[in-house]
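To start, the structure under review is shown below, and the notes come after it.
By written order: A, B, C, D and E. Residues from 1 in each chain.
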């Protein structure tokens, strides 16, 4: 028929709800624009995009059931992954056996790509690279900083933190505190007291939105004497501004920010995307939104190159893809040991800065793409 | 021949209360011993101590030549000592038959299911619950439940049964019938230790009677002797022709 | 004789599908002791529960002090002075003797005279005074019976119904209880008694009903019943 | 072996046959996936029945058997390269051993307190495993594709796992039936009704309880290995999900505790029902509300669960559908 | 050293709130032998109640507790009559099931209304500091409120007629009816009280930590622990249990990785259960 079906589950309910849904907005925006333009042209013929989605409740129980259904009942031509690394690994078993291309957005845990998958492609820069930018930024202002690392006890955050620790050592920081906290933590009092006791003056880590926002707020409430604070995921979301003073000068690694100045080989410019997103949803796009859009864009590009919906043809194009889009540089590892791992994309560091009464999110690292100098110290 | 049951220096304290205070007595094979005494004298507690529901503070219990002090109830039954509860404890959601089958399965001979059912049937016949065998135990009347207690205890094929006020709640005629049943049981060579407040039954059944008062043994001996013992009358039996005095205006 | 305090007309009820009562009619005159006797399973307890409403009547009427109370829940009847001391004690096992008695005096009308009644009960059963702080559940069978009756008296009953009064009581205590009932009767209390110690029961009562298979088999003045041939043979064991 | 002569034995066998044959004959993978989950639920509810339905001990921690089994199994497969079946069986035995050792003490607690303790155990285990590095801590264990290769590629592997799961389900059904019909079962029922009285009647209550609890752990553990092997990854949050524990209890009650049919039926219907709501476009956003409402209605108006209702309506079936 | 002291104090403050959170559960459980699985959902409901009154009407969160608790009481009555009454006295699992069902409905409505994303009540009262460590005013106030409510309730149960009636009904419903106690109504009120306190607790927690529709679950779990520490149906015990729990958490954190706290916590919980089968502060056995 004349349509291209893309199937995926997203976490409408459960722990991953927030991050997962902003990504969904990205997907939708992409699909709307494509369809407005008549669809994706496959061998000269325009085909419209339709989504089929189910709620996976952020749980593994039914993921395989749902992905089988997407492939077999709903005849999905292509797949997007569920949000988290665990669910993605589970879904991949199905997608792989039916040879369906699945673009992952979210699943940043490197392990996911070391299971010998052939049709799995990662949109985001892998977990291992998340915090290096933040640490370099810190080094530039305070090489002697006593570093505390506190991260959510889940696979993604843990992978990030471990990479960060390694990096910190090579950069010559003294790590005075290093602990994971339970994913459900809402009371960071005990943790914060320990960080104070450890005499740390810089804190990096975090996890996802809920815990990250809470941590930032309680660091502020407890008047922790920190000079530098960089957290995963949470500060990148526009919602973070609602924390008010607690948000000031908090930095975050970001897959993408509206201010970046990439020159796309295809697709919209960063500014154009930013614009479109604002008009569509009335709020700034976070990187999950951008990633979602990017995933669609990359898939579309590969399909058009291949000129067919055949999975292997599209896979070939994705394997050979090496281009820059509004989201940044995209290149997938071809080495079977970790096939599909994102190797091209580089991350930026953003920081919430107080401009008069306004809180604005500025890119502060790398210096090249920076829109404002790093504000230091924290308070 | 050595005694079947031998209780010596038995004591049980609840906090300050000496519920049972150095009680001692013995029973021979196939004997019927009546255990009487005022309410709260410690009779049921003695039962609990004998079959191991609670551990004695002091004293020893020997049964069939084995020291069973502090044994768990389920081991005591396997040795052939079964009991009933004064405050009935039917297995409510199981049928009358199933209740007795449990008794037989895990009793002295620990029978298989089929054999156990046969035993259970016989016993139910004996106590006159045969026609109720398939109703839920919870739907029996109090007296019915007491009969069930008797049946369950007998299903274990015991050498000694402890009956705790199983005649209470029967009217004199029904009591008469149960007395016959008890005789039948005894004729099977099963010894009976029974707590009763119904003198009619105690007198006509018991070979010997032990009287408890405030946890201590007050008297012991042949029924008619004990019954005429002024101490017992004063503490327990009271006025024989009370009925007359109630009737007169 | 004054009009009865309690009248039961053609009461029918049972459990689940099983019908137990097949039209029981009773009249309980004021300031008298009335007795119900009958074999096990005859339906005595069920009748009392039917009257209280603990078992819902299927057919028939219950009139208390002239008022039709058939449909009222048990607690409403207790508030009107219709009190049952149930078979098998039914104490508040996790509460102390004192608290049990106090709960007996829950209805407003009884609350007022709580202290006097408590004193009266304690005189009746000194054992309860000695053990006022013991948990009811750990009482001996007979002690529980004392407490059950005592709790009933706490409720300022106008009609006191007792199921198996002497069940589990030592002869001496049973005698004492019956004597107490006699005094209560003299004081003008109305009593409906279910009792297996038929001799004492009939001796105490003025009027008696014999229940068999859920029907009233015979009724009449206690003396006549006691003398009645097949009653003697069926229930008095002679 | 007079079990064979009972009609119910053949009814069970027929149902199992349907599970085993329908998907391959229809080549319907969707059906397979749905029946797979149903089988898992039946295993959970069915074994739980041994403890709750037969013995009267409410175990909120039943998911621990499943989760631990999964971890042990995947660990054996990934680290020691053991074949799946061997790993699964070993996991089952290991869990049984742990249960026998640990739970016999817990089982001294009565009623509500046992329920509480079981929750405690579930949470403690989960928290422990998320910190236990040999098992990947919070990251969990990922299964290399190689493991599937050994079984002739993912496609075949998933089919094999499905059949294995059906086998475990069969074992569950036969086991609960055999127990119910046995002297052992009678003892358990006695304990459920009144533990003191059971003891006085000669039932060795401590041993029986421990045995029942241990038995109820073996097959879920085996199932756990299979389930997470199929998922390709196991993580604490998924392995020790207390909600699933509670849901298992719900299924049991829904079908009618103490009956083999009830446990199975309850589990099956619950799975189908939740599955349907989840994918149905109209309900999906309200699926919880609807599921809840319907459950409530069933509980209130079918106290004995489905089987309770059936027995009331057709008393004769009590003899046939155990 | 100061650090240890500080985190123990923090623990006590939070613990008091845990205690309050558990009271509703332990009360209902002890009184009518109902394991109320809606507890968590209703704690969450309390959180959102305060949140709405605060961010919507700008009502002071602590004042908002009053209407929230009142609403909680009514909701409690509603749940009792609709879901609990018919299953009471049936095998304990029945009530477990019906409350679980209601819980599903509540959570379902909650998620469709607020999704599962976090909210918070944005006030911070001036706190006090101890060296580098700060105790927020919110914690102090919450702890005090918790103690007050718990104290009031246990007085109510021990002293008042209704209180005793509640215990009587829980001990023997049939007898209570015969003694003129309207059992059903009494139970309904007990349930209502339990829920009112649960929602109030939720409201207090909302002033301390951010929350989602699902947050209640975590506190429900802690409530189970606290219930055991404190003994079934014993509010004062629950409070003590809660504080103890907080103290333990605070006491161990300085010495172990925080991610190990749950392990310690629940292992300890099971241990205590085995050592004191009727709860640490149990006054009446069960």
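Simple rule for what comes next: contacts are C-beta pairs under 8 Å (C-beta built on N, C-alpha and C of every residue); 3 or more make two chains touch, one makes a residue touch a chain.
If you're wondering where the values come from, they're calculated on a predicted model, not measured in any experiment.
Common neighbours of chain A and chain E (chains touching each): D.
With steps allowed only between chains in touch, the distance from chain D over to chain E comes to 1.
In terms of the distance between Cα centroids, chain B is separated most widely from A. If you average the Cα atoms of chain B and of chain C, the two centres end up 28 Å apart.
Chain C and chain D have Cα centroids separated by 51 Å.
Centre-to-centre separation of chain C and chain E, using mean CA positions: 43 Å. Between chain A and chain D the centroid-to-centroid distance comes to 37 Å (mean Cα coordinates, whole Å).
Residue positions of chain A touching 2 or more other chains, listed in rising order: 12-13, 153, 180, 182. The set of chain E residues that touch two or more partner chains comprises 111, 257, 259, 262. Each of residues 127, 130-131, 285, 288 in chain D touches at least two other chains. Applying the touch definition to every pair of chains gives A-D, A-E, B-C, B-D, C-E, D-E. Residues 161, 164-165, 167-168, 170-172, 174-183, 284-285 of chain E touch chain C in their complex. Touching chain E in their complex are the following residues of chain C: 52, 54, 73-75, 78-79, 83-84, 86, 90-95, 99, 102-104, 106-107, 110, 135, 151, 155. Within the complex, the chain B residues that touch chain C are 14, 36-41, 44, 86-87, 139, 141-144, 165, 168-176, 197, 199-200, 235-239, 242-244, 246-247. Against chain E, the residues of chain A that register as touching in their complex are 12-15, 17-18, 21, 153, 179-182, 184-187, 189-191, 193-194, 196-197, 209-210, 213-214, 217, 221-223, 225, 244.
For chain C in complex with chain B, the touching residues are 15, 18, 37-41, 45, 87-88, 127, 138-146, 164, 167-176, 178-179, 182, 196, 198-200, 203-204, 223, 233-238.
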